[in-house]
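Just below sit the structures, each encoded as structure tokens.
Next come two complexes, and both contain chain A; in the first it sits with chain B, in the second with chain C.
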Partner chain A sequence: MFSIPLILSAKLAFCTMMLIPILAFPPAYFLAFGSCRGKSILDALITLPMVIPPTVLGFGLLMLMTPSGAVGGAWQTMTGSRLIFSFSGILFASLIFNLPFAVQPLRASFEKLDKRLLESAAVLGLSPWQTFYRVILPNSISGIAASSILVFAHSLGEFGVILMVGGSIPGRTQVASIAIYEAVEAMRFDDALYMSATLVPVCFFFLVILNAINRRQQS
Partner chain B sequence: MKRLITLCLALCTFVPIQARSADLMIAQAANFMPAMQEIIPAFEKETGLTVQATYTSTGKLYGQIINGAPFDVFLAADALRPEKLYTQQLAAKPFTYAKGRVVLWTRNKNLCSKTWQHALSSHSVAHIAIANPETASYGTVTKAMLQKLNLWEKTKSKLAVGQSISQAFQYVATGAADAGFCAYSYMFTPQARQGCVIHVPEAEPVLQKGCILSNAPHPNAAEKFIQFLASPTVAAIKRSYGYQ
Partner chain C sequence: MTLAFSIKKQLEHMKLDIKMTCEPNTLTAIVGPSGSGKTTLIRMLAGLETPDSGNISCNNANWFSSSPRNVTPPQHRNAGLVFQDYTLFPHLTVEKNIRFAAVDSEQVPELLHSFNIEHIKNKKPHSISGGERQRAALCQTLARRPVTLLLDEPFSALDVTTRHKLQEMLLELKVQLHVPIIHVTHDLEEATLLGDSVVAIEQGKISPTWFASQLQAVHSAHNSAFYCEQFAQISNAAVCASTNRRKTSCRH
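Showing the complex of A and B:
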């Protein structure tokens, strides 16, 4: 029984990792290369989910994701199904929650790029899009990897936000962290132990890889 | 540097924590919260003692108590857990303090005239809130009833699980769930007026027991509070929240 929440957590982490570049690349690019007055405000806005309590974020997302909320309403018109208490719903929450964890490493690796490379690209007549695709991306692989692993590991451990918007539905929104919490509360300590014992080495493994990548990036 | 560290440590020791600890600590099952929020001020006014209550599911409170949480009184939403504490000699003999009911609450006006079974199977109902059957007594009672009527398997996929009966209520109040199995007592709160109550007579009444804990830090205040629970003032408050 305890494998279903673990698989669901892995699925959520994987989907978050695959989708987050779409959300994270534009702001990371802008924060690294852009120069306008809105930059520090955008920076603060994106970092916000990292510092506000998960309960505050969860409450805000709950209000947004109900059928009468802005996001939940739009989702229902588009897909015909509810966003709240669904896998798509916790995925949406997870994307918002992980945005700062994806943007910061990306931004750092963009900023570390050799400016001469970008200048050469411009001199050779590459459009900004081509420069991004053919110069910036290939030179930021380790930053992208670091950001992906951080997001994956962080999604595995997500708790507070999902507790607020998930509804703990087995197989759909009952991820490992929630299942462990419920197992402990119901004093099913064996289940909690099995799930925790699986989660800890996995997270450890990803952090070791992350450190290896960061070291390589520095040298 | 060394001086700085010493200074910081000294500051940590001397900065007093402002919150004054209460004269009585109550572990209260969440369903009784609306009534309790009237009972506590009445008790404080009469005795001059300050009371602090923690509201969550019975199962959670039970877990905290057997792990040594410093409560004086445990007011559960079932008979089972206070009896368990009593047999483990962690509490004095339990007493019944309330009898509650499970109802279905919805903010969807189209469902108001339906029976709860019809409301459950209605197409406009995608999510039904329920309290965690493992830890919250109102959830346990609801699940047992649905199983008895062979409705559990059918409704399982629609159920959104709240960690206590108050989270189940909150799911409906925010519009996240279309309907929810809630405690009847919540139907007397201002928020509940935005929706309607569908009675669920098939659900067993929830016999709620309480007990004074053996390791109570304030046994005298606890004793006073238990006496107060039997007073006509409390009986009137309980009645006004639908308890029998």
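Showing the complex of A and C:
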């Protein structure tokens, strides 16, 4: 029974990790190489989910994701189903919540690139898009890996935002962190201990890998 | 193919105002102290920086003109640029770096052979020597069959022996390429050795073109401490040796 929230957490973390590059690459590229006034505003906007309370972010997303909200309404029109209290809904929230954790390592990795490589690519005839996927991406592998691992580990521990937009529906939106909370409330300490004891080494393992990548990047 | 330009650009501490025409099969050496605008000039020709005004054209193709405004991006200029430091792509092997730029990939084995880098073709740039890296960079640039070759102090980071070998290679290439070559250096000895003509950038403007026969006269006429110091380091033999190879093919 307690394995279902763990599997759901792993599924959510994996889906977030796989989808977040689509959202994270454009702002990371713009923040690293762009040079216009809106840069600092975009930077603050991207970092915002990192500093505001998860309940505040969750409440904001809840308003957006209800059938009368902009995102929830559009989703319902497209799919015929509600975004809120669904796995798709918590995945959407997870993507927003994790965006700064994906953008910052990518941005740092892009900024570390030798700018002359980009100039060399331009002189050799590569378009900006070709330069991105033939020069920038292959030379930012460690940044991409760091970003993915950070997002995966962070997704495993999400609580406030998921609770706000997904509630706690077993098998659908009840991820491990929420299940642990409910198990403790219901005095089912064995279940809570089992789930916690599974999550901690997994997160520890990913952080060790992350540190190794960071060390490699620095050297 | 003729490279002609007349460009002005305000730099931090001076205004660059340069007008030149460079003919194919000739190497124009541009000398000047650090901060004189040599690299900025090369970057403007390659399209990596934009002049404030003027025009740049290569063989009837307009690369830049301020009026009417036209800026051809570096991707569409097909200028070959070799930087001061090696800028091979670190994630690719030497061979893949050259294939990356090659117009005709069947030409790559021949290029690797002619630049004597066949033995390192499967190595990544960080695992080869400075001289090999610069040979590979030159090979990569030429694999694109550029319409002009721009060299920004390409040998300055190399030891004397390697530098001399690459200088010899460049002299051979000059004959084969049929494109104008601009070689920027702060080393006047190298400039006189390689260049068909030598010009100096000083206070943002270029000096009269020095052809070999004039070098000694310019030496005595110039009051600049930089050139006096530089010329003092050049033996008469070096200047005389280069005299025989001079052509009057670059004018400003």
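Here, the second predicted complex is superposed on the first by the 219 of 219 C-alpha atoms of A that agree within 3 Å, B and C clash if a C-alpha of one lies under 4 Å from a C-alpha of the other, contacts with A are read in each partner's own complex, and residues count from 1 in each chain.
Quick note on the criterion: a residue touches a chain if its C-beta (ideal position, glycine included) is under 8 Å from a C-beta of that chain, and two chains touch if they have at least 3 such contacts.
The structure presented is a predicted model; accordingly, all values stated were derived computationally and were not measured.
Participant: Contacts for A:82 in the overlay, against chain B (first) and chain C (second): which applies, first, second, both or neither?
Facilitator: The first partner, chain B, only.
Participant: Based on the superposed arrangement, let me know which partner A:67 touches: chain B (first), chain C (second), both, or neither?
Facilitator: So A:67 only meets chain B here.
Participant: Counting residues of chain A in contact, which comes out ahead: chain B or chain C?
Facilitator: It is B that touches the greater number of chain A residues.
Participant: Taking the superposition as given, does A:120 touch the first partner, chain B, the second, chain C, both, or neither?
Facilitator: Second partner only, chain C.
Participant: Using the touch definition from the top, say if A:135 reaches chain B (first), chain C (second), both or neither.
Facilitator: second
Participant: Where on chain A do the contacts from chain B and from chain C line up?
Facilitator: Looking at chain A, the two contact sets are disjoint.
Participant: Going by the contact rule at the top, pick out the chain A residues touching chain C in the complex.
Facilitator: 114, 116-117, 119-127, 134-135, 138-139
Participant: Which residues, counting only chain C, touch chain A once they are in their complex?
Facilitator: Residue list for chain C touching chain A: 46-48, 73-81, 83, 85, 87, 89-91, 100-101, 140-141, 144.
Participant: Using the touch definition up top, name the residues of chain B that touch chain A in the complex.
Facilitator: On the chain B side, the touching residues are 57, 59-60, 63, 126-127, 129, 132, 134-135, 157, 159-163, 171, 174-177.
Participant: For chain A, which residues count as touching chain B in their complex?
Facilitator: Listed in rising order, the residues are 62-63, 65-69, 81-82, 84-85, 163, 165, 167-169, 174, 182, 184-187.
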